[in-house]
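Every chain is named by a letter (A, B, C, D, E, F and G) in the order it is written, and numbering of its residues begins at 1.
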Amino acid sequence: MTELLVDLLLIVLILAGAGFALVAAIGIWRLPDSLMRMHASSKAGTLGGSLLLLAVAIWVGELDVVARALAGVGFLLFTTPIASHLIARATYLLGVPRWEGQVRDDLEGRYDLSARVCRAPARTVESATPSPAKAD
Amino acid sequence: MIGGWLAAFVLIAPMVSAGATTLAHATPRLQARLSLVGAFVLLAVSVALLVVVLRDGMVVLQSGNWAAPFGITFAVDNLGAVMTVIAAITGAACLTFGLGETGEAERRAWFHPLSHVLLVGVCGAFLTGDLFNLYVWFEVMLIASFGLMTVGGTKAQIDGAVKYVALNLVATLIFLLAIALIYGLTGTLNFADIARSVPAVSNVGLLTAAATLLMAAFGMKAAVFPLFFWLPAAYHTPLVSVSAVFAGLLTKVGVYALIRAFTLLFTHDPEWTHTLLLWVAGLTMVTGVLGAAAQSEMRRILSWHIISQIGYMVMGLALATPLGLIGSVFYLVHHIIVKANLFLIAGVAARLTGSMELKRIGGLYRSAPWLGVLFFIPAFSLAGFPPLSGFWAKLVLVRAALEIGSWWIAAAALVTGLLTIYSMTKIWAEAFWKPHPAGEAAARPLAEAPAAMLAPIAALAAGTVVIGLFAQPFYVVAEGAAQQLLDPASYIAAVLGGAR
Amino acid sequence: MSGVVTFTIWIAWVMISAAFAIGLARLVKGPHLPDRIVALDMLALTCIAAACLMVLSSGVAAYLDFALVMALVSFLSTVAFARYVEWVALRRARQAKPPPLEQADD
Amino acid sequence: MLTVVLAPFVSALVAPWLVRRLGRWASYSLALVPGAIFVWAVLRLDSFAAGASQVIPWVPGLDVALAFRLDGLSGLFVLLISGIGTLVVLYAGGYLAGHAMLGRFFVFLMLFMGAMLGLVLADDVIALFVFWELTSLASYLLVGFQSEKPEARRAALQALLITGTGGLALLAGLILAALAGGSWRLSDLIVAGEAIRGHGLYLPAMVLIMLGSFTKSAQWPFHSWLPGAMQAPTPVSAYLHSATMVKAGVYLLARLDPAFGGTAAWTTTLLVIGGITMLAGLMLALLETDLKLILAWTTVSALGALVFLIGPATEEGARAAVAFLLTHALYKGALFMAAGNVDHEAGTRDLRNLSGLIRAMPITFAATAVSSASMAGIPLSLGWVSKAITKAAAIEAGGFLPLSVITFATLLLVAIAGMVAIEPFLGQKSEAAHEAHEAPPSMLTGPVALASLSLLFGLFPDLVSDAVLAPAASAVAGSPLAVEAKVIKPFDWTLGLTFVAFAAGAALYVLWQRRAERWRDRLDPVLSRGPDAGYDRALAGLARLASWQTRLWQPGLLHRYTAATFSVIVLVTAAALFRGDLRLAFPVDRVRLIEVVVLALTGAAAIVAALATTRLLAVTALGMVGIGVALIFMLFGAPDLAITQFMVETLVVVLLALVLVRLPGFRLSAAADRPRALHAAIAGATGLLVIVLLLGVLAEPFDPRLSEWFARASVPEAFGHNIVNVILVDFRAIDTLGEIIVVFAAALAGLAAIAARAARKDAR
Amino acid sequence: MNRTVGLFAINLLLMLAWCAAFGSFSLWAMGTGFVAGFGALWLTRTLWVGGEPAYFRKTVRFLAFTLFYAKALLQSSIQIARQVLSPRLLAHPGVIAVPLAAERDVEIAALANLITLTPGTLALDVSEDRSTLYVHAMFLDDPEAALADIKGNFEARLLGFLR
Amino acid sequence: MELPLVLLIGLLTAVATWLMLSRNLIRLLLGFAVLGNAVNLSIFVAGRLTRDAPPLVPLDAETIAGAFANPLPQALVLTAIVIGFGLLAFALVLAWVAYERLGTVRTDEMRVAEPPEEKT
Amino acid sequence: MSSLILRAGTRLLAPMMLLFSVFLLWRGHNLPGGGFIGGLVATSAIALQGIAFGPASMRRTLVFAPATIAGAGVLIATFAALPAALAGLPFFTGLWLKLDLGDGAVLPLSTPLLFDIGVYFTVIGGVCALIAALEEEPALEDQDMGG
């Protein structure tokens, strides 16, 4: 019974993990601009990896393996966002064009390349009128 | 046991020197002293090792107490021990010279640690009895030479270094590929064990191909025709003390490896391997010496001569007779001393006259006659003039060739000798005899060169004369080495005798 | 392990393989530096997934260590690339007439 | 004998010191050395016939010994070398008095003397060669003594190269001779003549030895260096070109005559070459106006004559050769020194500017006159005596042709003697003659002594015929010979022929006085294409060949180097594969999906890396290749490797990102990477070769001894469960030690390179 | 905070004691040991001088937060999957500037990480004066709502657990 | 199962050779990296392949039961990887220094040590 | 790079990676890991720090000059081969000291471990030396862009 449950759990985890990895891949293929692709990669990819690590933890069940698998999940959750942030920053710094369907961009023009910093908006968001949506 | 530890200390000494000079990087005087002491300690240890080898026969060190072929064996025969001593001599000479040549900038560019690392690699290559371990020492040597190549930092150096590095990287990987094949065929890496396993390999063509690949790898290191491109592109560019070590030692490690490989490991198809080697030897000699004839800069001339003389060493190996191998060994020993010295002398000459370019210098005959004497000895030794060391080497090789009727290689050797005279006299006539084009005062007296630069030159020249005049003991050692080389069974027994 | 799990793992392999292929395609296609970096980042994540699948399909826990090291270290290459891009961007920015974006990584 | 040979060497070492301490007296003290040797030899005259030897082992391993043997031939040479040597040292002391490099001069001269003594005394093939080469070396330094003059440097090099060429041939020839004769002792070889002549190596050995001898003894067409060598100071010319060095070749031929002589090849070659040299030398002498050059050409001729005489390998030939040898040494030494006196005192050696010196330099004239007479073979001189023996030899050798050659030579010699002895001294005083004085005593001793000997032996040939010439002739012939040297001979038709020749020579001299100039001009274009020009052309050709082949191999383009390297390695390795039956294995059982995917992925990434036109694509693709390889390692049970590979890949990216940003892009250069087809072919062939090699390896059974042992020993003996790590830190720890040294040194090397960037000093 | 760490250490000690008592350091033993230790500490919470320690509250919030976080990650991935797998692009992407209440580096970074891993949003950068976090949102139909979601759902929860 | 891997090695070798023949120093070094991978894989495959059995002795055992991957090539390759890394690291630095000193990464434009008009 | 997020992340990740590297080093003899892998992971940590905070911070972390660390690593590894001499055994023979911590726990100290530690430091020192030097040397046209 336990075994069946474990197997079931495993099957779900494996399929979901691999599935999300695939989704991440399809995402970076299909989505139209770098920033959107990063959504796919960071979220689905991280989840895919994490789920498979959990599957390993459950399947092996030994303390040190579980500990390492959980550590792996922790590492992933910790590092992926940093990576995404840096790529996003790179996108802006380079001026890579965004998808024309973008509705708003508060960051545009906020990078001061000579000082190598990202400025805060001139007005706070609360008081800002959202720029009119360009798409739809 | 004592021999084994001596062999180990041949490796440990330069390693510790490298480490210690690194740690002492912030204290220049201490660093220089450590470096020099290290070089002479290595010399002492290697001489002791040679004495033990000559007295007791081959020294076999099973490192880690793991019996061959499972651990790494250091197997030191006459050849290995002699080469180690010569390496230590060259190292000591060039480091001493370096004290006079290098300034703070070079010292800060890690001249001392890199030099000792180079010696680690060279000595390791001479001692090891393991193919992969040989690769490792080759790499140690190579990476140190990369660094030393750039110490000083002229444009020509950087350019030379690029070519040197690129082509040596190719050689490195070819070597590794050959190791892969040999390991795949024999299942082992220990020289003795490979030698024992080779006859059992049924796929002869493949074995020969692997051996050929190995030959190519070692041949590149040794700068044989037609794989020598890196040498003339680079050897004239670095510091003089560096190029002297390179000139003396590095290619000779390649020759040493060729000798090891084609006396011990691959004697299964001499009709291919040794015939190929013979052709390579002849073409190497001739192309090298012609290359030298086309040059007008001292170190370029000398660099091309390295190539040409590599041909002689390979020739003895290719003849594969006792006399031939004696000739190779003798030539190796003689050439390292002589060629390193010639580079050093070129350095002093350039310092006194302002250039390495023959057209722009002269007048040393009058201003520095003793430098003339010091140049004459290695230069004419290089050309094989009697009774200097090179004569015996050439004599033995020519005789070996004539004895077995290899006429054309003997002819090539002799013609090469003649053209060597041509180049050496070119340097002599231009740098020494000819008045300095900028006037008599442009050639400085010898006293203006630091003693640290002159002492090693004098010592090496003395060595050349001694080998020439009292050749017999050196011949005996070479003969012993050749006998061992031609008796792989003893090597195998010495290494694998205690196999578990 | 039951046959169903084994089959599941096989399916997972197929999916991971597809992910690899697509990731490589994006890597090649670019078109801009960040796209390539994203693709490489994604491929590294897929490798972690593959390593986990290796553990599951072979039973060798040692492969987990590979996944673990990758999870911890792979973002470093992204960081390095991002810094590279930053440098390129800064240099482009200071040019009077910046070259077309396509040549930024040239 | 070792002492005799070593003494000059030792004195060479102390010569500069002596010159510095004793000044002009140095030459006297140095002259003691050859003088003592001369006395030593004279005291041993009795033992010449029997021969005496001494063997000191040198390199026993090679059977090389310092074996010396004093017999008639070597004895004669020792006498000449030491005797003339003594005079020359004294002469040089005067000639070069006050010269800044007198010390160095004596070093070279004594070195030369020692080498020459060693050469003639050596009984060991290799020892002989050693001294032979040393004479070349010493003469190189002597000829180039006035090194600031380009002509001197050229002449020195020419002498060295030509004699060096011969020397190398000689080495081979001597080795072959030793192999053929079964011994490294000359005395053994001479006895083994029959065996040698019958041996297959005879002909090559003979040709090579002759080549050595001809170059050294300035035989046609290798003679051109000798006139050039007149760049040397006169004492050197006197010494090298009269008595000694140039005779080394003759000596060797004479020495080996018993072993090699008697065959048609030997005789014909020597006769032809010797004859051509003899006559050509004389005719060229006629065309010169420089006193020293005239003498040099007559030396060439005399050497030809000697070779000519040795050729037939007859008893008369041997007698004639040694007699002429002595004669020539005496008169030529004197003439050179006398010419030196003229040059030294009158400031020129050009005959056109010299005339009427007799008043100023009577003693020099006397010596010149006597010696010239000996050269021409005028009665009452030693030349007359030897001429008689020579004619006998010519007749014995085959009658008409040799005899007419000799006679023609006599004719020319008479004319030359006139040029040498009459032109400078008689007639109206030239401008140069007004300034001239007689030379100092040190410079007169030599010519006078030698001229006196020419006269003395001419009058009393018995003084030398038994004691010196007979043993020497015996040595040349290989059997005991007597030498009958008579001043007065019964008149026969050959004598008549001689006198006719004398008369014709005198006539030629008179006629030539007027016509010489025109002939010189007319012949100049012809002569300028002679061997001397040939030497220049050969050197130029060598230079062209050298620079052509150097440009071919070493164009300075790295991509050519890499292309050549890969091509050669692939071709040679592929050729080696055909040394046996090639068996390949194609193991493909049970491939897993993921394996295929990873392999395909890695391959695809590699192709992308190769075709990438932007470097970030190349680098990321490369990163993908690295990750793919890591996965492959993992798929086949190598987690340590996979992790290492991945870590290294990551750090490479870190480094690449740091470096690439400072470098220019790909796009500028990618298109220029031609020739693409050739490169693609090389790349494809390399890949294919590796595939074949590996498949071949996989077809062989694998010997798993090592890995099995590692698995067995890892835990119980090395206390580690990770076998790979145990291998790294224990079983093969030395590998790892070397490896970390690589990492360490790579860092230092990188730092050194970065320092080079900062250096920015462009000395070269 | 210090007390929190101290209590956590004590909890770990209790866990080890538990494992030692059972002679097993297996996963189950450790898990049950930690829970049992936590329970024991909670039961004795009144014994601590200076009021009830924050440890228990924080632990509970942490657990809750973890669950929330996992749910969010799952949600976001599913959302992405839907977007990716649907034939038509549904997204209205955009970047909004979020004024930050968080002040310390760690807080800001943690918030950025959280935002990145949760539905539809991706932290891009923080302004140099730390006043603003720029966030890329996939479905920016209503920027104000998105903003409120970030401020209320994530920042508040996170700061609650961290402070 | 070795065949596909060998084919990959061949492909990598070809690609690497192609890159190393380039006149662009950066490509050449990338080629070196790829060739290094190919050669490392060659060593690996020459020691024969075994799936899913790392040479790790179970912590409670003295030796490995059953088939296991050949550990020796792994140790060799590990060494080779690190050495190759060291070489590559240096070479990259050198490429940069060469660019700064010589103004190019094109090897056919690096003509200081061997100038083009070289005649005696 | 002056990214707040990267810097904050690095503050946590770098020590974590360093710790992990020691863990890999320690267990390398029995499980995947060892001096190389450990050293490489540690290097990554320091390299990360170098990118995030600049080379000066990297050097502060290393305390000693990287080349010195590498040299010391080589010396440590070399000296690990020497104690065998005292025991009358050949070069590089491993010596083991199994400290009994009581309760069946054994702390195995050995020359191979010492050797691995030497490897660890050499890798860290060597690679970090290059990275730090490159970080510190701005490209010609970017003199003000370093760090």
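To be clear about the criterion, contacts are C-beta pairs under 8 Å (C-beta built on N, C-alpha and C of every residue); 3 or more make two chains touch, one makes a residue touch a chain.
As the structure is a prediction and not an experimental result, all values here were calculated from the model.
Counting only chains that touch, the fewest steps needed to get from subunit C to subunit G is 1. The minimal number of chain-to-chain contact steps leading from subunit E to subunit F is 2.
Following the contact convention of this document, F, G is the list of chains adjacent to both subunit B and subunit D.
Here the spacing of subunit D and subunit G, counted between their Cα centres, is 60 Å. Measuring from the averaged C-alpha position of subunit D to that of subunit E gives a distance of 89 Å.
Inter-chain centre distance (subunit E to subunit G, centres taken as mean C-alpha positions): 33 Å.
For the pair subunit A and subunit E, the distance between C-alpha centroids works out to 16 Å. In subunit B, the positions touching at least two other chains are 15, 18, 22, 63-64, 110, 113, 132, 136, 139, 143, 146-147, 150, 153, 155-158, 161-163, 166, 170, 177, 180-181, 184, 189, 232-233, 237, 294-295.
Counting partners per residue, subunit F has 20, 28, 40, 42, 45-48, 51-54, 56, 59, 72, 76, 78-79, 82-83, 86-87, 89-90, 93-97, 100-101, 107, 110-114, 120 as the residues that reach two or more other chains. Along subunit A, residues 19, 24, 26, 38, 40, 46, 62, 75, 78-82, 85-86, 88-89, 116-117 each make contact with two or more other chains. Applying the touch definition to every pair of chains gives A-C, A-E, A-G, B-D, B-F, B-G, C-D, C-F, C-G, D-F, D-G, E-G, F-G.
In the complex of the two chains, the subunit G residues touching subunit F come out as 30-32, 36, 123, 126-127, 130, 134, 139-140. Across the complex, subunit A meets subunit E through its residues 19-20, 23-24, 26-27, 30-33, 35-36, 38-40, 42-44, 46-47, 50, 61-63, 66, 77-78, 80-82, 84-85, 88-89, 92, 98-99, 101-108, 110, 117-121, 124-126, 128, 130, 133, 135-136.
Interface residues of subunit D, counted against subunit C in their complex, comprise 592-594, 597-598, 601, 604-605, 608, 613-617, 620-621, 623-624, 627, 630-631, 634-635, 637, 639, 642-643, 646-647, 649-650, 653-654, 656-658, 660-661, 665-667. Those residues of subunit C lying in contact with subunit G across their complex are 62, 65-66, 69, 72-73, 76, 79-80, 82-83, 86-87, 90-91. Subunit D makes touch with subunit F in their complex at residues 543, 546-547, 550-551, 554-559, 562-563, 566, 585-592, 595-596, 599, 602-603, 606-607, 609-610, 615, 618-619, 622, 625-626, 629, 632-633, 635-641, 644-645, 648, 651-652, 655-656, 659-660, 662-664, 666, 669-670, 672-673, 679-680, 682-684, 686-688, 690-691, 694-695, 697-698, 702, 704, 706-707, 710-712, 714-716, 721-724, 727-728, 732, 735-736, 739, 742-743, 745-747, 749-750, 753-754, 756-757, 760, 764.
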